[in-house]
Amino acid sequence: MKTNGPLALIFHTVFVIFILAPLAIVCVVAFTDKGYLSLPTDGASLRWFRAILENTEFIDSFWISLYLALGAATIALAVAIPASLAVVRYRFPGREGLTAFFLSPLMIPHVVLGVAFLRFFTEVGLTGTMVGLTFTHVIIVMPYALRLVLASASGLDRDAERAALSLGASAFTVFRRITLPLILPGVAGGWVLAFITSFDEVTMTVFVASPSTTTLPVRMYHHIAQTIDPLLASISTVLIVLTVILMVILDRIYGLDKILIGKG
Amino acid sequence: MSSHSTAKALIPPYLLSAPALILYLAMLGVPMLLTFVLSFNAYDFNKGILPSYSLDNYIEIVTDSYFHEIFARTFGLALLVTVICALIGAPEAYILSRMRNPWRSFFLVVILGPLLISVIVRTLGWALLIGGSGVISSTLQSLGLIDEPFQLMFTFTGMTIALVHVLVPFMVIAVWASLQKLDPAVEDAGLSLGASQFTVLRRIVLPQVMPGVLSGSMIVFALTASAFATPAIIGGRRLKVVATTAYDEFLSTLNWPLGAAIAVVLLIANIVIIASYNRFIERKYAQVFG
Amino acid sequence: MSFLRMEGLVKKFGDFTAVERVDLSVEKGEFVSLLGPSGCGKTTTLQMIAGFVEPTEGRIIIDGRDITDVKANQRGLGIVFQSYALFPHMTVFDNVGFGLEMRGVAKDERRQRIEEALELVHLEPFAHRFPRELSGGQRQRVAVARALVIKPDVLLLDEPLSNLDAKLREDMQMELRSIQRTVGTTTILVTHDQTEAMAMSDRIAVMDQGRLVQVGVPLDAYEAPRTTFVSNFLGKTNTLRGTVASRAKGRMQVRVGEGMVDVRDVDPDLQGAISLSIRPEKLHFTSPADGRITGRVHTRLFLGNHWLFQVESPVGALLVTVENSGESVVEENQQIGLTWKPGEIRILPGNAADE
C-alpha cells in the first residue's frame, strides 16, 4: 500500500492548517475596517494598506531593506562564484577546512553574530553605517549562496571547458562563454535566496541597526514591542505576497523544492 | 583526471578563494575574536567597559540563579519544541513522501515556503491568534465555550507553539532528505513477508529515517536555544531566554562584557550540540550505512 | 621526417608513474591508435599531447615545432572528448563555429566553413538544434566537426565511440575512418577496444603499465604478438604455458599440462618455461588419429557467422572458432583431434610473468 490512508490525510490537513493559520490570519486582519485589531466581519477595507503609504518611516525602512538585500546578495555572489570554482576544480590543501569555514555562519546563532558585529563596528567606526550593515548581511547570506553555486559548479562538465581551451579560448573567455552560462541557475538561484534571507533577517540586524539604517523587519519588531496594530498586518500581507512572487521566480530559475530542502 | 599539484598550479585555487577568505577573516574572524576578548572584560555602570580581564562574567553566569532560571527555561523550551517537532514533523514528512505529484510538490512548497517569510511575520500571526483579544480567544468566546479571554501570549505554552511553527519545517526537511534515500522495495519486502503496515513502519521505516530525525532534532534544538525574535514577542519581558538576555545586557543595561559572555556561552553550547550529534550519528550509523 | 614525435615522454604523479616512457613517431596523415587496458597510460599520453597535463620529462614535437611548453589553448589541435563535451547552451552551429570564433574568422567565412564541416559529418539539417536534442551518435559527429573545422595539425580522439551501442559503434568506425581519409589529418585515437583500434588504424601502439609494448601495422601485431600480453589483448588466443622437454632435428617438444606439443625449434637458447599462443581460428578439427592434439568437445556455441567451441584436452581447455559455412560441425562430447598449419603457433618467452 503506497498511498496515504484517511487517518494520514486528516493528520496532514491539520498540519497544513497549523502551518498556514498564522499567515492566513495576518492577511485577513489586514483587511479590517476598524482602527484596532479585529477581523473584517463587518466589511473589508483597504484603509490599512493605504495607511502604509502614509507611513514614511515604514516606507523608508522598506527601501533600506531592499537596497541592503540587493547589495548583500550581489557581493555575496561575487565572492561565492570564484570560491566555488576553486573548491570544485582543484584539490588543494585546506579545501575542506575552507569550505567548512565559509559555511560556518550557519552554525553561529544570529544573536552571537549581532553581538560580535556590534563590538567590531565600535572598534572600526562603522557603527550605524549602511556599508557595515551590508557586510554583516553578506556574511549571513553567503552560506546559502555558496551552497547553490557549489551545487551548480559540481555538475559542470570540465571537459566542455577543456574543449573550449583546445579550440583557442583564453581562460577568461572560457569563464565568460562556457563556465558562467552553465552555472547560471545556481548563481541566479543563489542570488534570489540570498536576497530573501537578507531581507527577512531580524535577530542579528536588531543589534547592529541604527535609526538611519533600520530595516523593515527591525522596525516591525520595535513596533510590535509597543503595540500590535493592523498596520503591521497589512505590511506583513504585502511582504507575504512579494515573497510568493519571488518563490515563483525561484521555482522557474532553479526549482523551489531543491532550494527549500537545501535551506535545512 | 585531476590537475597535478605543483606549486605553480596551486595559485589559482588560492587566488580564487582569496576574496571570500579575506572577507570572512575580516568580517567574521575578527568580530568573533573581539567578542571573545570582550567577554573577559569587566563593566562599571559609570565608567563603562574596564580594560581588565577575568572570568568574572562567566562565573556570574554559572553561579547566579537568575541565569540558572534563564538557561533552564531556554533548555526546557528547546527540548519541548524539539520533541513536538519530531512527533509531528516526521510523520508529516512520511505522509508527504507517499503522495503523488503534483500534490507532493505543492504541499512541500506550502509547508517549507514559510521559511522564506520573515520570522517577524510568522510570529505576528501567532500573536494575533493567541492573544487575549486574539482570534482563537474571540472565536471560543463567541461560541460560548469559555467565559474569559483565553490568553496564551506571554506564556511558555504560547512560546512553544509559535516556535514549533517556525522550526518544524527544518524537521520536515531533515526527515524528508532521509526518506529520499529509502528503497521503497524494502517496505514491500517487509509486507510480503507478512508484517502489518504498522510493523513495517516501526521496524523497517523508522530505524532508517532515524538519522534524519536526529539531524532535524539537532537543528531544531540549536535554533530554538538561540531563538530571539519569537521569544521576545510572544514571551515578553517576563519570560527571558538566553538570546533575549544577551540583548538586554547589550542594548539596555549596556553591560557589553556580560552580554558577550552570554553570547559566547550560547555559541559554545551550539557547537557542543552539533559536534556531539555528529559524533553520535557517525558511531551509531556508520556500520549500517557505511 | 615524422609529423608528430613524442620523445621520451614520462609522467609521474607523486610516487605514481602513469607513463614510464613513450617514444613514438607519427607520419603526416597517419591514423595511429594508442591501445591498452584502463590504467595503461594511454589517456595520460593523449592529455600530454593536448596540453592538459604537463610531462614530467620528454618533448612533443609537431611539424618541427616543440610544443611541450605551449599552453593548451595555443596548440591548435582538434580534440574529441569521450563525453563529447559539447557546449550545452549553444546550438550545433555555434558549437562547431566556436574554434573559428576564437581565431577571429569573419562571419561569412565562418558560416561557410561550418556548413562544410557539418556536411562532412552529415549533420547539415541539425545546425540549429541544441545538443540535448541530439542522439549520442549525432553528438559525437558534432564533436568531430567542431574539432576538424579549425583544420588542426593533429586530431586527438579520446575513446570517442565508447558511449555508443555496438551497432552504432561499427558504423561510426567506418565513418570516422572515411572522414579521416578525406580530410587527411594526422590522427591519434585512444581506446581500450582492440577491434576498434585494429579496424581504424594505419598503425597500433599497444601500451601496458605506462610503456609501449608493441607498435606496428594491425595485421602484424595480431599475427606476430611480441609478448603474451599483446597476444591476449589483441583478439582471443589460447595461451599454453609449458616447459621445454626435449629437442631434436629442428623440432622442440613442449610439455603443457599432461600433454606434449611438437613445435618448430626457433631459438636453441630457449629453455625452461615458455608460452605457446595459437588463435582459435587457426585451430582446425580433424579425426583424433590425425590431430596434433586430441580432445573432447565440451561446449558448442552458435554465434551467427561462426561457431565457438570449448575443447577439453590434455594440454588444457582450448577455444576453437569455425566459420559458419552452412555445413555441419562437430558436436558436444565428440572426441576430436586438433591440428594447425605450420607457423601458426607462436612461441613466446616466459610464462605468467609476462602478463
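Points to keep in mind about this one:
Residue numbering begins at 1 within each chain, and the chains themselves are lettered A, B and C in the order written.
We adopt the following convention: contacts are C-beta pairs under 8 Å (C-beta built on N, C-alpha and C of every residue); 3 or more make two chains touch, one makes a residue touch a chain.
From a predicted model like this one, the values you see are computed outputs, not experimental measurements.
Of all chains shown, the one whose average CA position lies nearest the global CA mean is A. The most distant chain from chain C is B, comparing centres defined as mean Cα coordinates. Distance from the chain A centre to the chain C centre is 56 Å, each centre being the mean of its Cα atoms. A separation of 17 Å divides the Cα centre of chain A from that of chain B. The distance from the centre of chain B to the centre of chain C, with each centre set as the mean of the Cα atoms, comes to 60 Å. For chain C, the set of residues that touch two or more other chains comprises 52. Annotation for chain B: residues 1 touch two or more other chains. Residues of chain A touching chain B in their complex: 1-4, 8-9, 11-12, 15-16, 18-26, 29, 37, 39, 78-80, 82-83, 85-87, 89-92, 95, 98, 101-102, 104-105, 107-113, 115-120, 123, 135-136, 138-139, 142, 158, 196, 199-203, 206-207, 217, 220-221, 224-225, 228, 232-233, 236, 239-240, 243-244, 246-247, 251, 256-257, 260-261, 263-264.
Chain A makes touch with chain C in their complex at residues 157, 159-160, 162-171, 173, 178, 181-182. Those residues of chain C that touch chain A in the complex are listed here as 50-52, 72-79, 81-83, 85-89, 98-99, 102-103, 143, 146, 150. The touching residues of chain B, counted against chain A in their complex, run 1-3, 5, 9-10, 12-17, 19-21, 23-24, 27-28, 30-32, 34-35, 38, 88, 91-92, 95-96, 98-100, 105, 107-129, 131, 133, 135, 138, 165, 168-170, 173-174, 176-177, 184, 191, 197, 216, 219, 222, 225-229, 232-233, 242-243, 246-247, 250-251, 256, 259-260, 263-264, 266-267, 270-271, 274.
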